[in-house]
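Think of it as A, B, C and D in the order they're written, each chain with its own count starting at 1.
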Amino acid sequence: MGVDLFEITVNLVKMIFIFVMMVNAVPLLVWVERRGSAFIQNRYGPNRVGPLGLVQLLADAVKFIFKEEFVPGKGHRLVFYLAPVVALIPGALAFAAIPLSMPIELGEFSQIPLGLFTIDLGETYGPYRFAFQGYEIGIGIVFVLGVSSLAAYALLMAGWGSANKYSLYGALRASAQTISYELALGLSLVGILLLFNTFNFKEIVEIQSQALTFSFLGSQMTVPYLPNWGIIYQPVGAIIFFAAMFAETNRLPFDLPEAEAELVAGYHTEYGGIKMNMFYIGEYGHMLVASALMVTFYFGGYTLYPFFTPETVNQFWSETMGLTGNPVALLSSLSLHLVFMVKLVIFLWVFIHVRWTLPRFRYDQLMDLGWKTMLPWALANTILTAVVILIMRAAWS
Amino acid sequence: MLGAAIPFYILSFLVLFFAYKTITSPNPIHCALHLAITMINLAFIFFGLNSPFIGGVQLVVYAGAVMVLFVMVLMLFDLKTEVRAFSRGLFSSFLKVASSGFLAGILIVGVLMSTDMLDVTSDSVGVGVKATSSTDIALLLFNQYVFAFEVLGLLLLLVAVGAVAVSRIPGGTHAND
Amino acid sequence: MPMTEAFLNVGLNHYLILSALLFTMGMIGVLMRKNVIVILMGIELMLNAVNLSFISFSSYSGNLNGQIMVFFVMTIAAAEAAVGLALAVAIYKRYKEINIRFFEQLRG
Amino acid sequence: MTELIPVFALTGFVILFGLALVFATSLLGPKTKQSKVKQLAYECGLEGEGADSTKVPVKFYLTAILFILFDIEIIFMYPWALAYKDFIATGRGLFIFSSMAVFLAIFIFGLFWEIRSKALEWE
């Protein structure tokens, strides 16, 4: 985790910062969702409290905390209380494993320049290397898949702990749905693995930060001005992945578990106040993870090839702006982070827009789509990728 | 040294504690949830033992699939907390626990006595062991164990067919009420 | 202090002892519980204990065959759990009973 | 094991955060008298028997079983995909492709058998 106190502190603060970022994204996304749905449906949405209704979020948060505590009489208290806590874990752990920018490589330093004056630290620190993510795990993809498959427990615990038939039925539906779509999700990633041959997110992003390069019948081809993004090789895989991620987050058009007309509110029927809000944090955290994975696998991660790659950004800050040393590392990392955030926000908006565009499936249609359409298509995608790679490389190598 | 020891002891405490809860909780659903936590902790122990891929598979397969199936099946049954969760008979239970404890004792003493004979004493901790990459596992799997791999595919197919066939056995949670 | 040394120097022994204890717990669960599904859980515990010893040997000797074996064991364990649960559900649907004692009386 | 410490730290932090939120409401929220009627499950106003007695279709557990089996097959494809180009580079591309082709043939046969046998049919 670190060799000295400075590094350990930075790593801890960074981790907590990423978690807090996830938690704070929730009210913002809820606001965007409400305003966005109002925009789509030609309404106003929340616009009374504060500018553009932004303070509404704060009011909601305060209201959530001051709600009355309630446990259904026949419920299983401990399980009922723990379910929302468990709901937070998968999103947080998965999001912290995704690189949000390139690592910051700090050289040795003994003072911190702050514009006009500098702080003298007295002794020399460094060199350090801080990854721009909660923690670096070598087998990132399998870790994220494994951690997000734990989300089913929160649903099942909530459904069973409430001792309510709507809740239990909603929980069973939700978990059956998440596990069904996990198959298509996992299978669509095989195409990405075939292309990039690594489980590591950072390496995947680095491969995508170059010009479009592939071997064509044994010879190396390069297309300048086009990025080496996964979407170019794996359009079908990307669509399947994105659709499966919708189902994993239990959002419309896949929000059968809380279909109001049939199941009241599904597995969080008995939940109110901050406990229900924690389920929402889990759901929006899943959305963040889904968008971040989409960006990382198919859209170049924190790079945008001709303009923003680790090299060009470094060059910009050091040569064009005339900086040297640690500020270059810091600023280039931050600017790549900005690129990542822009892409992330685009996908989050797609999530919200789809919710207010498509109608809900029926449950049998949902399961049919998962097992009989998406799984065969993902299989076909995998086989096609393997055959193409074999033809393009094998006979001519 | 301490950096490796503290996570190990925390994890093994959690593993043993939740394994204990698994076999003693009267409510089967609690058993399943405790077992799921045990599996997750074991996955992290595997991560720590330089086998991150197996740890990830443990998370995906055991914690994410098998235990979810257990929990779902238990919710399917209308199981009240078992009044008598354990099999009866004071003497036979004592015999069972005693023989299991005896086995554990033999195992521990055997481990303590025999690992000195192996070439892998505690001195070589983390020194000679290189971090194994997942690609190495893949190469080994498809070089030496291809046949076993295909047979496993066939086994999984048979299990799928068998499970569907067994689920067709008449009767039903709906039917009999 | 050799005792604290042995305690803090986490090595193969520690993992093997953990595995032995885990195996024993699974075994006690299998022997003592009456619920078939909990017995299946005990079996899963025992299999996991064996996996742990495989992995620790593999890791401390640098031999990857152990990890492959664990991969296979996991597969078979999952298949076993699937079939076991399917059978338990089938018997439960027929007789409304999942006590292991009752299973002894099932004939042909 | 040291590289896992951040994961544990984050897990611990998230759990503490969640528990703190849950306890915050029980401290700050209004305390009103709990009555039997109030504690009824949100169903139809009749006293429920608890979720334990709910009858749910066996389909759910069948789906879960089939999920486990297919999930393992997919997990087996991950190391294959990881080593695919390595095998091709050493000139054994056809071998690795055909070994997976056999496996996939079994997989696809299984999938279509499940579909044809109506095991995945939700009415």
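In this section, a contact is a pair of C-beta atoms (placed from the backbone, for glycine too) under 8 Å apart; a residue touches a chain by one contact, two chains touch by 3 or more.
Please read all numbers here as calculations on a predicted model, not as lab measurements.
Of all the chains, the one whose CA centre sits at the greatest distance from that of chain D is C.
For the interfaces B-D and A-B, the C-beta contact count is higher for B-D. Rounded to whole angstrom, the centroid-to-centroid distance between chain A and chain D, based on C-alpha atoms, equals 18 Å.
Separating the CA-averaged centres of chain A and chain B is a span of 29 Å.
Computed centre separation for the pair chain B/chain C is 5 angstrom, with centres defined by C-alpha atoms.
Multi-chain contact residues, meaning those touching two or more other chains, occur in chain D at positions 2, 5, 7, 51-52, 54, 56, 58, 60-61, 64-65, 67-72, 75-76, 82-83, 86, 107, 114. Shown for chain C are the residues in touch with two or more other chains, namely 74-75, 78-79, 81-82, 85-86, 89, 93.
Across the assembly, chain A contributes 137, 142, 159-160, 168, 172, 175-176, 179, 182, 186, 197, 199 as residues in contact with two or more other chains. Chain contact topology: the protein chains form a pattern that is neither a line, a ring, a star nor a complete graph. Looking at the complex, you find that chain C touches chain D at residues 74-75, 78-79, 81-82, 85-86, 89, 93. Contact residues of chain D toward chain B in the complex are 1-2, 4-5, 7-8, 51-58, 60-62, 64-73, 75-76, 79-80, 82-83, 86-87, 96, 99, 102-103, 106-107, 109-110, 113-114, 117, 119. Residues 29, 33, 36, 40, 43, 52-53, 55-60, 63-65, 68, 71-72, 75, 131, 133-135 of chain B are the ones touching chain A in the complex. Per the touch definition, chain C reaches chain B in the complex via residues 6-18, 20-29, 31-35, 37-38, 40-42, 44-45, 48, 51-52, 55-62, 64-65, 67-68, 70-72, 74-79, 81-83, 85-90, 92-94, 96, 98, 100-101.
On the side of chain A, the complex with chain B involves touching residues 79, 137-139, 142-143, 145-147, 149-150, 152-153, 156-157, 159-160, 168, 171-172, 175-176, 179, 182, 186, 197, 199.
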